[in-house]
Structure formats: C-alpha cells, structure tokens
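In order of appearance the chains are A, B, C, D, E and F, and numbering begins at 1 in each one.
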Amino acid sequence: MTCLHTISKSPTSKLLSSCVSVLKPGDGILFIEDGVYYCSPAESGRHPGADIRLFALQEDVAARGLSVPSAADVELVDYAGFVGLCCEYEKIVSWF
Amino acid sequence: MTCLHTISKSPTSKLLSSCVSVLKPGDGILFIEDGVYYCSPAESGRHPGADIRLFALQEDVAARGLSVPSAADVELVDYAGFVGLCCEYEKIVSWF
Amino acid sequence: MASKNTNKAITFISRRAPYGDSNAQLCLEMALACAVFGQTVSYVFLDDGVYQLLKHQDARGIDSKTLGKALETLDLYGIENVCVDADSLSERGIRGGDLVLEVEPVSRTHIAELIDQADTVFNL
Amino acid sequence: MASKNTNKAITFISRRAPYGDSNAQLCLEMALACAVFGQTVSYVFLDDGVYQLLKHQDARGIDSKTLGKALETLDLYGIENVCVDADSLSERGIRGGDLVLEVEPVSRTHIAELIDQADTVFNL
Amino acid sequence: MKFSIVVYAAPHSAEAAATAFNFTRSVLEQGHDIYRLFFFGDGVHNASRLSVVAQDENNLQQQWDQLIRDHGLDSVICVSSAVNRGIVDAQEASRHELGAVSAYASSELAGLGQLIDATMHSDRVINFG
Amino acid sequence: MKFSIVVYAAPHSAEAAATAFNFTRSVLEQGHDIYRLFFFGDGVHNASRLSVVAQDENNLQQQWDQLIRDHGLDSVICVSSAVNRGIVDAQEASRHELGAVSAYASSELAGLGQLIDATMHSDRVINFG
C-alpha cells in the first residue's frame, strides 16, 4: 500500500535518512513543522530519487522564511492539500 | 572560570560535538540521562582530549544496563558526586 | 484496504531510547493494547530504540520502571513478530548476545515490508 | 567569582529552530528579562538556532508570533553583544545577507570565550 | 473518508499540537469525517480547560473545545496519561478528592481500547507528535 | 554553597524533571543551600497538585511539594508559562473565573525577575531540561 511519510523535525534529527531507508517506490514525503528545513538548498543532496514525490506544508515554509525555488523537486501544499495527500496515499507514517 | 558541562541526550543529538567545540582546557563533562550512551565503546572515539575530565551519573548508567569499563576514561559519580562536581567547577552549562 | 470491523495489521516502530522521554513506554503500551484487542501486531526497534533491548537495565535508581523487563510482556501478550534493525545495532556497537529479548536482527528492506503490509503504523 | 548583588555577566546560547518547540522563545524572554534587570547579556545563535535569524519569516499561518521579528527587541532592550556561529550558518547554507539582524558571525573559539567570561550560562 | 487523529504533543511546547488542530479543521472543511480524536501522552494537555493566554494569542485548548462541540466530534483523552499529568474530569476529581476539574467536558477520559477501536474503524489514522 | 535550580521539563514526559528533584535533594543532604527553585516552560507541571499516579509509582509533584515544605524552600513557577499551561493558583483562578486551583500552594507564581534575582544571589545556577 502506498504510504505518505510526514517528517517534522529539522535535519539535525537525521529523520529523513531513517525514513528514506524504509521507503517503497511510489511513496511520498511531506515536510511539516521544522521538517521544512529539509527543503533548503543545503539539504537537497539528501533527497531520495525521482520515484518518491516530495511535498512541503506552505504554512510552515512561510513561517520560517524559507523560499522553495520553483525548480526544486518539492511541491508546496496548504492544509487542504495535506488532507488531499492523506486520501491519495493509502496510509500515513509520521516521523517525529 | 572552569566549567562543568552536562550532556543529557543520546549521541544521535550530536550534543557532544557542539559542546567539545566550545570547551576550555580544565573543563569537565558529565553525562546524565540519555547522555550516558556516550560512554558506550562505540562512542569513545568522539571523546575529547585528556585535559578534559569525563564523568557519568551512576544511576543513569545502571538504569540503561551500560557497563563502563574501569579502563575507560569516564569516572562514575552518584548524585552526591554530581553536587560535588558542581562545587568543584565554577559554573555549569547544561546541554539538552 | 481491509474491510471494516476486521482484524487489522498494525506495525509499531519504537525509535527512542528508554527513560529520557516517555515515547518508548507509550509505544509499548499501545502495542500491548492492540494485542489485547486481537489485532495483528509487528514491533520493530529502530535507531535509538535498540537501546531498549540492552540487558541488565535497572531503573530503580532513577525512580522509574525498568523498560527492558517490561518488554518481556510483548511475548506474554502473544506479540511474536518482534524484530530489531541490524544497522541500528551495529552503529551502536551492540551485539545480538547483549539483548534482553530473543529478537531477530533484520534489514531495512524487511522493515519497509512491515510498513508496506500494515494497515496502520505507529512510529514514535 | 563576582561578589554578591553586583552586575553579572550572563551568556545565552540559543540552539533551537523557532516554532517547532518553545525553547527559542523561552531563551529570548529570559535574555530580555536579564537586560531589564541591568545584567550584562551576551546572546549567541548556535546549531539550529541560526534558523531563527532567517529573513522573511511570517508565522501568522501557524497561529504563532513571528520570532525573527521579535529578535529585533534584543537591540531595543540594549543587548548589543549578539553573535552567530559561523560554522552553523555555513553548514546550513545560510549567508550573512540572509539574516534579519546585523549580527556578527564568530568562531567557536569566540563562543568558548563568551562562556568562559560568563557568571551564568543559559543554553537551550 | 473517515479519519482518526492521534495527538502526542502539548500546546505551548510543540507546534505539533497546532498542526493537529489545523489538520483536523481542514479535514472537516473538505467534507470528510472524523471518527475520533485521541490525545495521548503530553497530548492530553490539549484538553485543559485551565489554560489562559494573552488577548492577542490563540487559546488552542479553547479552539479544540469549540471545534469538538461545533461538530459533535468523538474526542478521547487517554485516562492514564491524563491523570498522571493532572488532567482530570469530574469523576476522577471526585474519586481522588482533588476538588478541581481541569479537563474540558467535551472530551472523555478513556483507555487505549478507544485508540485500537479507532484504528479498526477509520480509513486513515494520522499521528502528530 | 548556594544553588539555584531551573527546571524546564515536565514529569512523565522527560527524565530531567526527576533528575532535577534528585539533584535538589542531594544538594540539601550535602549541607548546601537552595536559594531558589525556578520552574519554567513545561517545568511548571512539576507544581501540579492534580497529578495522580498508580500506587507503585512515585508522584514527583507530591515529592517536590513535600521537599519544598520540609525545607522551607523558595519555589517559583514562572507565571506566564504556568497560566498558559493551566497551572493556576487561587489568585489566577479567581481572576480568570476558572473555579479550580491546579498549583500546589508551596510554590509561588511570579515573573522572570525572580530568575534573574536568583542568578544574582546564587553561587551556582544549574538547568535541567
């Protein structure tokens, strides 16, 4: 079953590395709260391959003054989009 | 002024590395709570040089089933010893 | 997705060291409750969670219950699918013989399967 | 040790990202109170704490106060000795021009001095 | 679609409590159902009726209470987490002779069975911690 | 030697609350003085009088209350952290018409000035978080 992973701690937590090691093709990752710092350019080298879609919660990105370049591989979603992703994927695993 | 640093999170936190980078010769480090996992053999390579004394809180070491080899560079203290160290060093910096 | 009111497959990933915070204890309580209510439980120790498995824990000195001892209830409650991430063990220099439970060291691929097969995953 | 009842040197090390938890906010409140009570305050951003300094923060969407804005009160309260760890900035790919305050990037040796000179250190 | 939402974080200490609230509100706005809210560990503080905030700040506990009542949501606080942390309803207050009620009446103190039941009857379970 | 002790962590969620307590008790046993206890952020939950635990468990809040009264310690809960988190004394309960007191009377709700005063008058300040 496809799975949406949420990550809510900063890169200092190393959560993305644990998450990526147990992904299946077709899974997605949504960065929320301090997890959105994974969208900064310095972290993009850690992002998984193209078969994993990446998302970030717009409200948390804006709060922190981050700008996610449109060329980046991360799609911004608002809370309605967050709920939509939870329906699209068949289950949700939260990394906190 | 000499300083006792307490570290209370596991090595996953990287707290020791931040702490070590701001030490002065003569400072001491006391591992408490989940910080005592820094006493495990796998972590001893990260310990600072011999001019920094290392301590660990006996109660936290015992709780976690760790054994600190007598040959290790870490001295075990109980709560009375913890208080004693706080008197011996001139101030305390807590890393949590 | 399994139909309503049936048995569900629930995977727990216990990722925190014991004692420092309450996550390890909460994760265990949830899994035991699942077993009591007849769900199919898998229990995985990952990252700092592998520290929960060290032998010789004795938490009386910090006024706490000894979690390593409490983990034995997993078996008593009929939770047989218990495993530990081999990489997390080796990164921390922990050998299989140092563990309080007879628990199978597994690869990340195996953990990915347990997540994939689950209806619900609790990860804390 | 300075004699009783006199002015004390207090160093704050703010080491957490804003918003995710309350440590950054608590650290700022403590420093402002110290300034009000006439103590000599140094304020250091270290590790994830440097994220507090990013420009263009706007926390209305997460029902919070914008911390980057609140940091301007450091200057208003007369806290002039504010610095940021250069290594923490560069590890996170943050340039000096991206910062909300005019704050001096310093070395770990400088931070070690600020700890050494302090009577009391708050580190959170 | 039927959601259950599990909250492990307390207001004022972790953003996750606010994230859970905003998510819950959005689920309802999208026309989905909430099968149950389950507050566990430090999450039980979301049901504290004694929290007071400054005039220009959100009172998250009050917002939860309002949302739960407006939509008739099933909201459960884990009883053991709650009494450990001083979140007590009238019944617990009376049983332990505390002389004070700290939990909003819109949530019910109950055991982990309510969480397991939620995993059995929901299409999606999501955790905020 | 005169110690002040600052606590940022809540019982049941972080070991640091228990570490702070054991440290404080040991300071007194060694014959030193406590100038002040200061509970800040989530630490204010250490002063909750509504916490109930199982018979075979320690009630850390009750232990703090006992220690504070036995030794006549000066114990301060940061007022803004406290009211945000639902820890209120009789005065705050009355001011906000809450009808319930959740803080032990052995601690006083006061501002950060009490912390600064503690740093000025103590030989050692130690933080537990």
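Here is the rule we use: contacts are C-beta pairs under 8 Å (C-beta built on N, C-alpha and C of every residue); 3 or more make two chains touch, one makes a residue touch a chain.
Everything numeric here is computed off the predicted structure, so don't read it as measured data.
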Common touching chains of subunit E and subunit A: C, D
Chain pair, D-E or C-E, that carries the greater number of C-beta contacts: C-E
Cα-centroid distance, subunit C relative to subunit D, in whole angstrom: 39
Where subunit D and subunit F are represented by their mean Cα positions, the distance between them in whole Å: 26
Whole-Å gap separating subunit A and subunit D, where each centre is the average of the chain's CA atoms: 29
Junction residues of subunit D, two or more chains touched: 1, 19-20, 22, 47, 62, 64, 119-120, 123-124
Numbers and ranges of subunit B residues touching at least 2 other chains: 8, 12, 33-34, 59-60, 91-92, 94, 96
Residues of subunit E whose C-beta touches two or more other chains: 8, 12-13, 15, 19, 22, 41-42, 81, 125, 127, 129
Residues of subunit A defined as touching subunit E within the complex: 6, 8, 32-34, 59, 79-80, 82-84, 86-87, 91-92, 94, 96
Subunit E to subunit C touching residues, read off their complex: 6, 8, 40-42, 80-81, 111-113, 115-117, 119-121, 123, 125, 127, 129
Of subunit D, residues touching subunit A in the complex: 17-20, 47-48, 51, 54-59, 61-62, 64, 66, 68, 91-94, 100
Residue numbers on subunit B that touch subunit D, as the complex places them: 1, 3, 18, 21-24, 90-96
Sites on subunit E touched by subunit F in the complex: 10-13, 41-42, 45, 48-53, 61, 81, 83-88, 92-93, 96, 98-102
